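Multiple structures follow.
Both of the next two complexes hold subunit A, though its partner changes from subunit B to subunit C.
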Partner chain A sequence: MSDRKRVYGPSVSVPPYFEEPEQPVFTRTRDVDRCRKIYLKLGWATKAVGSSYFESEKIKIACTVSGPRPSKTFAFRSSAKLNCEFRLSPFSTSVRQGHVQTVEEKSYSQMIEAAISPSILLHLYPKSSIDVYIQVIESDGALATLAAAISCASSAIADANIDCIDLVTGSSVLFNPNTDEYWIDPDYVDERARAAKGSVVMGYMASLGHVTQVWERGTCSPSRLSFLTEKCIKNAKDTRLVINHALLLEKSKSEDP
Partner chain B sequence: MDESELFKGLMNSTAYCSELAKVDIPFYKSIDTEFNENIKSVSSRFMRLIELLLSKVDRSRAEDIVDVEDIDNRWAEVSDTLDILFEKADYSIDKAQGLLKKPAIETHASTSDVANKKPKKEKLPYKVIHAAHLTKPQLRFRVQPNNSREFVWSWKLTEKPHSLVPLEKIIAQVKLDPSLKNSLPHPYEPEIQNSVYPPWVSEMSNPIDTGSVDETEPIWVSTESQLSDMLKELQNSKEIAVDLEHHDYRSFRGFVCLMQISNREKDWIVDTLELREELEALNVVFTNPNIIKVFHGATMDIIWLQRDFGLYVVNLFDTYYATKVLGFEGHGLAFLLQKYCDYDADKRYQMADWRIRPLPREMLKYAQSDTHYLLYIWDHLRNELISKSAERKENLMQSVFNSSKQISLRKYELEPYDPIYGLGTDGWRNVLTKFGSSKIIGREALMIYRALHDWRDSVARKEDESVRYVLPNRLLIAIAASKPVEAADVFSISKQLTPIARMYVEDIVKVVQEAEKLYNEQVDREKSQFKEVEKQNQPLAVFSESNTLGDYKVDSSVFEISKQNRSKLKTLLANGSAFWIEGQSQDDLRKARKERLFIVNQNIPFSLTLPCTQGHVESELNVKQSTVTEAANPSLNGEKKQEPIVIRDLGLNKQKRDSSKLNHKEPSNPIEERNEDIEPSEASTSVSKKRKQKKKKKNSGKLTIEAEHVSNDSPIINEAPFDYKNQKNFIADLDSDVGKNKFGKRGFNPLNKVSLPKRNTRELKKRKVSDGKSTSY
Partner chain C sequence: MVTILKPEEFYVSSEADIVNDVSMTEMEDEIMEDEQMGLVDGEDVLEEFDKSIHQNLVTPGQLVTDDPQFMRGHGTYFEDGGIYASVAGSVQRVNKLISVKPLRSKYVPEIGDLIIGKIAEVQPKRWKVDIGAKQNAVLMLSSINLPGGIQRRKLETDELQMRSFFQEGDLLVAEVQQYFSDGSVSIHTRSLKYGKLRNGVFLKVPPALVVRSKSHAYALAGGVDIILSVNGYVWVSKHNENQHSSVSITRLEEEASESIYSNENDEIDGYTRLNISRVSICIKGLASRSLPLTQASITNFYESSLVFSNLQDLTVPKNMDQIAMEAMQ
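This part shows the complex of A and B:
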């Protein structure tokens, strides 16, 4: 039987000719402190226990949660196992992705897992697993996509009515180690075009004021790092307002009829 | 009826078919007699169609297929039949389009060829792929290969025939500029850049057939006198085909084992192991711009020629680029041989160990076939390029030559070993990402791995073996991941440890231990550094003490619906999304969807009606009329006459069956006479009228669908194409007619899904696909 999942090109084809790629133009019109506007929708998937859709300009992420459900493994676990599956759609990046999950996607999955697991009360659900499926429909910058995926996953967990101590929101910042420049919520062009070699991505629980996970790249003095962390936290708090708003909206909808 | 309409109709009927659950059909049949009859007539017509189709292909298969279960049980036969039909249709279409052509050169399938075809799928015996016990031929080289990391490679050529810029000038230039020392310029760069292909190339010519490989014996060249003889003949040729066979498993840098050269008359096979130092003489031919050198996939060949013999190629034509420009579906030499010469090249020998001397006959033939047909292929490609150039109004020939120029300008450069960044094709970074990304985890493992990689490279250089031979990548990763403490640990990793790894097993353990030690030292150093930072008491995080160490303290500001928060939210919230429509709740959407479904259910028409078959007509027209149709369709009749059709007999109820049997006993009436009397279409229509009257008497409320079908039968009988467009839709009629039905005003609509009971899902799950039933259709 032929492979129906993939669409291969015709056997006879001529490659397209591209013009010389232009120098990237900075498209950022936002303030360095300002993040992109966010659209968040919860409970769109009827078959999943919880779901959320996160969109901020070009970033589009859909996330569904199933569980807590009985764990597939036989080994006894006193707390629930959180599984995150991060997937980039083939068309989500400027270079086409394959269908098989890449190493990069797997490492992203682990990062998201690490960022949101402190917020969930996993010990309340023994012998069960919570599966979070994150599908990136469109991405715009690796850092911002990761941060958005964290927020999206956490809001889906909330939508699934899984007990949490708080919600995690992600935020990202790009910085130049040699100068004082930094850019909150960098997009793809920022990442490619700026000579910046440093970045911070963070998961933050806004109401408790705890950082769940932080990834830093590039050399950075302690004072600079604390400054950037503060910027990240401010951004994460803002994102939290959006999640709260969406949750309230969803709650009122379910109570209305 | 054109294709798009047919497709649309097909789509519609498929959609409507799926509206009705299959399991519910018996229920409706029992509840509504009209529906029951409709279904019956449709399925009987299907059966007829299937039977007819099968009998056209294979009569024996069509026998005693009576009902649906028979088809299920004998699915293999049905699908076979369909396969045959599709196959035939494909073949006929190809034939009609003229795609089936005889190959240009008829190669006679010799006895050896037939013998070769059988073990095609088998792997070559290992001794042919790797002759392990061969003494290394590089030991006999007059100039020993230098494998050291510091070695600076320099050109091998001593003189420069057909030069525009003399060699001395380039040497002087290099001496002046020491930066060129590491990346020498291409000695023939000006000559290649300024080369123009001879004008006769761009003229159409008849391809010159060089005959089969078996007709010409290759000339083995292994002495200097033989080489000079060959050179003399090559100098008189206009074009030559060249190919190389290379070996790089039992040598660090690799060497060329064989060079095949063909002109129009002869095939030479040069033993480059013997003539390694003498072959530079070939530059007289290779750099002559008036002789076209045809290669296939010369990317590596060009580099090997430089490295081993100091040979350079001016006016190269790479047939690989020609296949690219012409947009062929295959780009390999095997594809071209298949396309133009109908020669099945045994590409297994590509991987063979070409150091073996004397060469076995099969390998010799393979080597010869690589270049033997290449000039003939070149003729074809040239003609095709010229004709396509005129079509596309661009010079494709020039573009192929330009691509080939870029290839012949490639330079051989040594790849330095990069211990720090691990760059290069065999560098540690490349190997790590390809094989070890899941096994080498953590800094310690990485350090061990890098040390082992370095060790492997140095051993390979020392022993003059390839890194693959010393320690395959897979093993390298496995050893690095398992951190062996003693020699036995290494042996336990793999049973197939390479001989070199066995020899150096103590070294491997030592390397691993040293890397571990180095890592521990580094960790200690970092720890002490970290402590110093702590001593300075610089806060790393922004949190105050109370926040990190104290009890959970909830910052409620994020929950408050304060003015500040609200204005902030305004700046953060997007107006809408590309995906979701705001203001429309899920329930609204669901409601709208339900309404649409209801409308669809209200008027389900069968957009595609079935053609009537002879069998159907027979059953419809009942007893008397069967003879008429038989007469009308004598071609079918001739076959059918002997055996009465079983389907109808069993399909009808008992009374009808009896009568039909009776009827079949007396088809003795002179058929031809009747045919003369009444035109077939007339006959059937008159019959239909009778039938109509009969039906009306029976049931005035019922529609006379069957009669309509009969009236439409006439074109079929006349063997004219069936008119789908004008066919009436019996289900649509059924819908429009429900008002008159006995079920009252609304009538009973069996296709109305809204009123359907829920499907019995359990029963659906139970059903299993019977064995042998393929689902590929």
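This part shows the complex of A and C:
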């Protein structure tokens, strides 16, 4: 006896035919040396001590800073503790993510913390903690997103008027270890489609000319690494222009009355 | 004069395209006419921008001066024979002392400051009070008046009923008693001028806008009292007839009734409520326009605002601007 509640398919059926997915098209219209256009807005979050919104074509990052505030722990600290929390929104990448912070996000948090902590005068804030929350609304390539997050976090810290020796700007480059090819500020398509297995991400303090952190992946000769580092530094200086302009504009706007 | 040097090499013209905050300045409006949605070349932006901004604005890491005769103040650090800015703000000079004053900064306590705080935590023999500084302030059990004005040492029984005096979330007005090197402070309420706050509205304004003066508690027209604390917390309340500014220690017991730690608000009539709301809107209006908060400025703003009988009309930005213009003349 057949099950009345079950809907049977047709007796003659054909398996569905799916078209082959198109291979990614190289959408990079800008030069290999050229970074994406940047939009930066400071002080968007009224409740936070400092905040910044960073947009670079498809990359969209919001960052807020809380503190310096009393540390939760009772142990005495002679300098402030910097806590970074990097989170990708579930809809930010091509593959939907969960809400729980992944291992990758935690490692990115540590990388951002390592990049921006040398710039902050933490010894001026004993027994305190500074919390930086970075929320990626849209990502377009892991390398460029990490670099943008560093710049966004540093500009939010400056907006919070936390004493720092300089602002840290992030920069990224993708390179092919077998050829002389490289791509500044690579996007998702660059990372996926190009025959590139090497990358450099850097945190740079443009005013003092100090490199705070460098992450290099892939086989690379010292001379090549030096060349790529110079390219990153140039890109970081360009990003610093935007942050400076936004900061001064914010201050001059506030001073006008 | 302060020697403010030309910014470092990272200001030189760049190939990078820059998009910036669509601002209110005329300079940017001119640029916007030529460029779509604010996409302008780095060199053009900076040339135009450098002409328009105040020359004394600096960003972190920017060299303020390399003249050895100057001393460094707040918001600066010394490196390689030069004084550099550590915050974004305006350069200020007092004789040989150079400092950078950020627009919005956390409150830095000084002994004797009148402050409003919020109880953050109850700990053994002390309360932790949020006063908007880098560290929470400490209010010791020995630094408060007992209800009834009894003058004695605080015992274990008092420690057990600490939450009957102040509990988490309570607002209080106090005075800074001691300042410690790590940024934390000790406060006290050992006067009838200080204590728990009731019958009013709490506002938060930038501390830089509150001008330090002899008195920070004022009685305004319309039966409204305001406390403009130095830390940027403002309390607007119903006028208290029984407020004793100073009471001798012999009469303290008579004056300090059980009601000083009461959580119950008094009955407030509609007219006073409207006046409290009006004063609150006036203070917010002054703060949003970065105008200094003094008794005179608030009184002027309040009197100018009486043109609008409906408080909803008063909150319209255009009307606020009009009142601000009148009040500041």
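The criterion applied here is as follows: the second predicted complex is superposed on the first by the 238 of 257 C-alpha atoms of A that agree within 3 Å, B and C clash if a C-alpha of one lies under 4 Å from a C-alpha of the other, contacts with A are read in each partner's own complex, and residues count from 1 in each chain.
Just so it is clear, a residue touches a chain if its C-beta (ideal position, glycine included) is under 8 Å from a C-beta of that chain, and two chains touch if they have at least 3 such contacts.
None of these values were measured; they are calculated from a predicted model.
Participant: Is A:Leu249 touching anything from subunit B or subunit C once the two structures are fitted on A? First, second, both or neither.
Facilitator: The answer is second: A:Leu249 touches subunit C but not subunit B.
Participant: A:Lys60 in the overlay: touching subunit B, subunit C, both, or neither? Say first, second, both or neither.
Facilitator: first
Participant: Classify the contacts of A:Met111 with the two partner chains as first (subunit B alone), second (subunit C alone), both, or neither.
Facilitator: After superposing on A, A:Met111 lies clear of both subunit B and subunit C.
Participant: Report for A:Ala149: first if it touches subunit B alone, second if subunit C alone, otherwise both or neither.
Facilitator: Touch status of A:Ala149: no partner.
Participant: In the overlaid three-chain picture, which partner chain does A:Glu230 touch, first (subunit B) or second (subunit C), both, or neither?
Facilitator: The answer is first: A:Glu230 touches subunit B but not subunit C.
Participant: Which holds for A:Ile165: it touches subunit B only (first), subunit C only (second), both, or neither?
Facilitator: Both subunit B and subunit C are touched by A:Ile165.
Participant: For A:Ser11, is the partner it touches subunit B (first), subunit C (second), both, or none of the two (neither)?
Facilitator: A:Ser11 sits against subunit B, while subunit C stays out of touch.
Participant: Just to be sure I read the superposition right, which of the two partners does A:Pro222 touch: subunit B = first, subunit C = second, or both, or neither?
Facilitator: first
Participant: What's your read, subunit B or subunit C touching more residues of subunit A?
Facilitator: C
Participant: So in the superposed three-chain picture, is A:Tyr39 touching just subunit B, just subunit C, both, or none of them (first/second/both/neither)?
Facilitator: Both partners, subunit B and subunit C.
Participant: Same subunit A residues contacting subunit B and subunit C, which ones?
Facilitator: 35, 37-39, 41, 55, 165, 206-208, 237-242, 244-245, 253, 257
Participant: Considering only the defined contacts, which subunit C positions touch subunit A in the complex?
Facilitator: Residue list for subunit C touching subunit A: 7-11, 14-21, 23-25, 38-39, 42, 45-46, 49, 52-54, 57, 59-63, 75, 77, 79, 84, 86-90, 102-106, 128, 134-136, 182-184, 289-291.
Participant: Considering only the defined contacts, which subunit A positions touch subunit C in the complex?
Facilitator: 33-35, 37-42, 49, 55, 68-70, 119, 121, 125-128, 158-159, 161-167, 205-208, 235, 237-255, 257
Participant: Quick one: in the complex, what on subunit B touches subunit A?
Facilitator: Checking each residue of subunit B against subunit A gives 327-329, 437-438, 538-543, 547, 552-556, 558-559, 565, 568-569, 571-580, 585-587, 776.
Participant: Can you tell me which positions in subunit A touch subunit B when the two form their complex?
Facilitator: Result: residues 1, 11-14, 35, 37-39, 41, 44, 46, 53, 55-57, 60, 103, 165, 206-209, 211, 222-223, 225-226, 229-230, 233, 237-242, 244-245, 253, 257 of subunit A touch subunit B.
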